[in-house]
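Per-chain residue numbering starts at 1, and chain names A, B and C are given in the order in which the chains are listed.
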Amino acid sequence: MADSLSRRRRWTNRIMLTLTGVASVLILVPLTLILSYLMTAGSGAINIDFFTQLPAPVGEEGGGMVNALVGTLFLVLLAGALGLPIAVGAGIYLAEARKSPFANLVRFIADVMNGIPSIVTGIFVWAWIVLWMGRFSLLAGSVALAVMLIPMVTRTTEEMVRLVPRELREGGIALGFTRWRTTLGIVIPAARGGILTGILVALARISGETAPLLFTAFGNPFMEWRLNEPISALPLLIYQYAISPYDEWHRLAWAAALVLIALVLVISLLTRFLIKDPHRER
Amino acid sequence: MANPADGGLMARLLPSRSKGNVQDQFYRLALLLFGVSIPLLFLFIVLRIGTEAWPAMEAFGWGFITGTEWNPVLREFGALPFIFGTVVSSVLALMIALPLSVGLAIFLTELAPRWLAAPIAFATELLAAIPSVVYGLWGIFVLVPWLRFTIQEPLSRHFGDVIPIFEGPAYGFSMMAGAVILSIMIIPFISAVTREVLTAVPRDQREAALALGATRWEMTWQVALPYALPGIIGGAILGLGRALGETMAITMVIGNRPDIAASLFAPGYTMASVLANEFAEATGALYLSALMEIALILFGITIVVNIFAQLLVWRVAKRGGR
Amino acid sequence: MNAELQPSTMAPHRPSRSPGAEAEASALPPARELESAVEATDFSFWYGSNQALDSISLTVPARKVTALIGPSGCGKSTFLRSINRMNDLIPGIRHEGDITLHGDSVYRNDRDVVQLRKSVGMVFQKSNPFPKSIYQNVAYGPKVNRLVRGRAEMDELVERSLRRAALWDEVKDRLDSSALGLSGGQQQRLCIARALAVSPEVILMDEPASALDPVATQKIEELIYELKHEYTILIVTHNMQQAARVSDYTAFFYMGRLIEMGRTQQLFTNPHEEQTEAYITGRFG
């Protein structure tokens, strides 16, 4: 009897552990499918025109997305310029203030803000910048992306600064450095690699965002880079083309998606490289 | 976790906080301003959306939430179909994602050798890095047709008359497609959190179970998982929060029809989707304000879910740091 | 290293023992002449390319206490964990030779590891109760191994195990409260009760008292003394006083080798090997 019981337990063990393997395979299936579809459907439409030409009107073959590429670049750069100083500053604040009740509140709100739906962020910026300017614009799009960026980078910066060994900080203070000099001159450089990684991951994430741009940057079929004009972006164009009825546009949407994924991949590989950066090991 | 010695040392070296070095006073102030900017931004978001939503709240009252008719032309604004669509698609997504994520996490922490675990973990991270709109694109052209012809049509043909959730024509673009795409998107998230808390289960707990004659599975199921449970629940709720607010992918596959249907195969509509679809075309102040109120409700729901999850995760972190 | 040397300051004196133990000890035959519970033959063990044990041959007599001593990193814990194959969890391990439990190879291919671990109880260095109630902790082993039927039988087994672990009187009124609320010494005795509940033949103790205060340590030692009438006990300790107090036989490990094994009294007063003498008298570098 004991034998049959232990046989049952052995089988339960085997079956359940196998099931965890099955779950893992099931999860990897969509990833493989998505990547392979991107490769096959996307690579066909990628050529020089894709990177240099404006979108062609409906019905015409060819055309490119140079406006969307430029748009994404400008939106992300401007969002970084607007959001990163605040985010890194707030992150340092949190790392320095640690357990003060107000710092706990700020930390909590930053975590909660990370969960705000991106479409709500877009609508907030519409109700703020777009209503105020009276038009969709590059500025509005960048602000929307910056609002998403800030809580993300704040928390990663805080974590990275906190990882710096206390001895290093105390070393600076014991030498008679002021606190700001200790932080900016010793602590931040020691955490540089980690902070940069956090920033890159966040930039990669916002460069793929569509929802916050729908009612802020809005999209634009022409090349544009002025602050107060609507501007296109890669994700916006993918969305517009994907829900369009034209096969040619679908092809371009796949190509744009491939480029977008490649961008994200390059950045995440770059962060891996950064993590191995010897400077990061203090 | 905080170093009391740190504060103490600072206090001794910088004689008094109030009278310290002038530069440092300025530095502290500047940092504080950065810190304050985050709660201010949050307040501003609430205020801005709240103000814009106010006319609709005044006009419709609670009827806005309970109303089932959404017809902007007739100025009928009932948001229930969207709330229903958001909640149902997200909960379904969680029901699919949670067992798979926990399975993956167990496989990676308890079973897989390192040469296998590392690339799989990287692949799931990659899954998290794919932009929402790319999921949507794949959903439209690959997932939806597949669901329609290989899953929905046979199920509907054989069981449609008996089981309400399988009834009706197979549209492809449906609540089911929305839930599946959402689940794929939140899996990396939940499995990452689960993996983290499972790795944090002390080795001596596992060894105690094994030494008593537990099998590997019994050790995992009866000792490691219960130990990690609060963290897993926290991760699941964070994943739910993601799903509730997810916009592009689900807008592209759910079918966007404001009905409350029992069938998984029928199209649905979520709060985020109606915002994405109708906001730019909204004519008239009241229509716009109604959409703003939907944004406010969505905001409120996700905030509550996130606060709840955050409190859970923090409690776990505190316990871990004891 | 300092911690290793400390206990040896007392080594030249005879360790104090209870009078009963002394009388018994002098009557002990050599380990080989007794019924053996665990027997290692040329057992070697590697973590990756790192050899932790080098041809250990050792006989552990049944229903006696055998202490494994030696400086840290000498392989005593590895040996202990090889007996119930707890090292299996670590990737990249390898072994040669064999260990038998009552004549049955621990490492034979079709060995049921779960069954093996059930018949070999283990108590760890740091007490590791599950974050459950006291009752559930003791009941866990019998439950997964389906040793009892029904609540009444389980109640009885839990009580018996707790009594044997000399914990019953302290916890009988709060069996349903969390085990984490117990003191360190109580937690460790709970872990012993938990191990006893699956009726093991051999109990392995890996420095069971190293994290405890003297009073709690004494209780554990008294408990070991009681338990040896029914169980074979192997205890790893770096505290030589403790080895001298609780064990009947002692094995001295050094750099992955078994240097010497003998009656405790003999090994501490009259070691055969020079290295053993150096260790117990503290001349160790």
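Following the convention adopted for this analysis, contacts are C-beta pairs under 8 Å (C-beta built on N, C-alpha and C of every residue); 3 or more make two chains touch, one makes a residue touch a chain.
If you're wondering where the values come from, they're calculated on a predicted model, not measured in any experiment.
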**Complete:** With centres defined as the mean of Cα atoms, the chain at greatest distance from subunit A is chain C
**Chain centroid nearest the full-protein CA centroid** = B
**Request:** Averaging only over C-alpha atoms, locate the centres of subunit B and subunit C and give their separation in whole Å.
**Result:** 49
**Request:** Take the average of all CA coordinates in subunit A, do the same for subunit B, and state the distance between these two points in whole angstrom.
**Result:** 16
**Asked** If you average the CA atoms of subunit A and of subunit C, how many Å lie between those two points?
**Response** 54
**Item:** subunit B: positions in contact with at least two other chains
**Value:** 215, 218
**Message:** If a residue has to touch 2 or more other chains to count, which residues of subunit A qualify?
**Reply:** 9-10
**Request:** For subunit C, jot down the residues that touch at least 2 other chains.
**Result:** 114-115, 144
**Message:** Taking the touch rule as given, give the residues of subunit C at its contact with subunit B in the complex, in rising order.
**Reply:** 84, 86, 89, 91, 114-115, 117-122, 124, 126, 128-132, 140-141, 144-145, 191, 194-195, 198
**Message:** Can you tell me which positions in subunit C touch subunit A when the two form their complex?
**Reply:** 112, 114-115, 144, 146
**Message:** Using the touch definition from the top, list the residues of subunit B that touch subunit C in their complex.
**Reply:** 113-114, 202, 204-215, 218, 222-223, 226-227
**Message:** List the residues on subunit A that touch subunit B in their complex, please.
**Reply:** 9-10, 12-13, 16-17, 19-24, 26-28, 30-31, 33-34, 37-38, 41, 86, 89-90, 92-94, 96-99, 102-103, 105-106, 108-121, 123-124, 126-128, 147, 150-151, 154, 166, 169-170, 173-174, 178-181, 183, 204-205, 208-211, 214-215, 218, 235, 238-239, 242-243, 250, 253-254, 257, 260-261, 264-265, 268
**subunit B residues touching subunit A - in the complex, by the definition given at the top** = 2-3, 5-6, 9-10, 13-14, 20-21, 23-24, 26-28, 30-39, 41-42, 44-45, 48-49, 51-52, 99-104, 106-108, 110-112, 120, 123-127, 129-138, 140-142, 184, 187, 191, 215-218, 221, 238, 241-242, 244-248, 252, 272, 275-276, 279-280, 291-292, 295, 298-299, 302-303, 305-307, 309-310
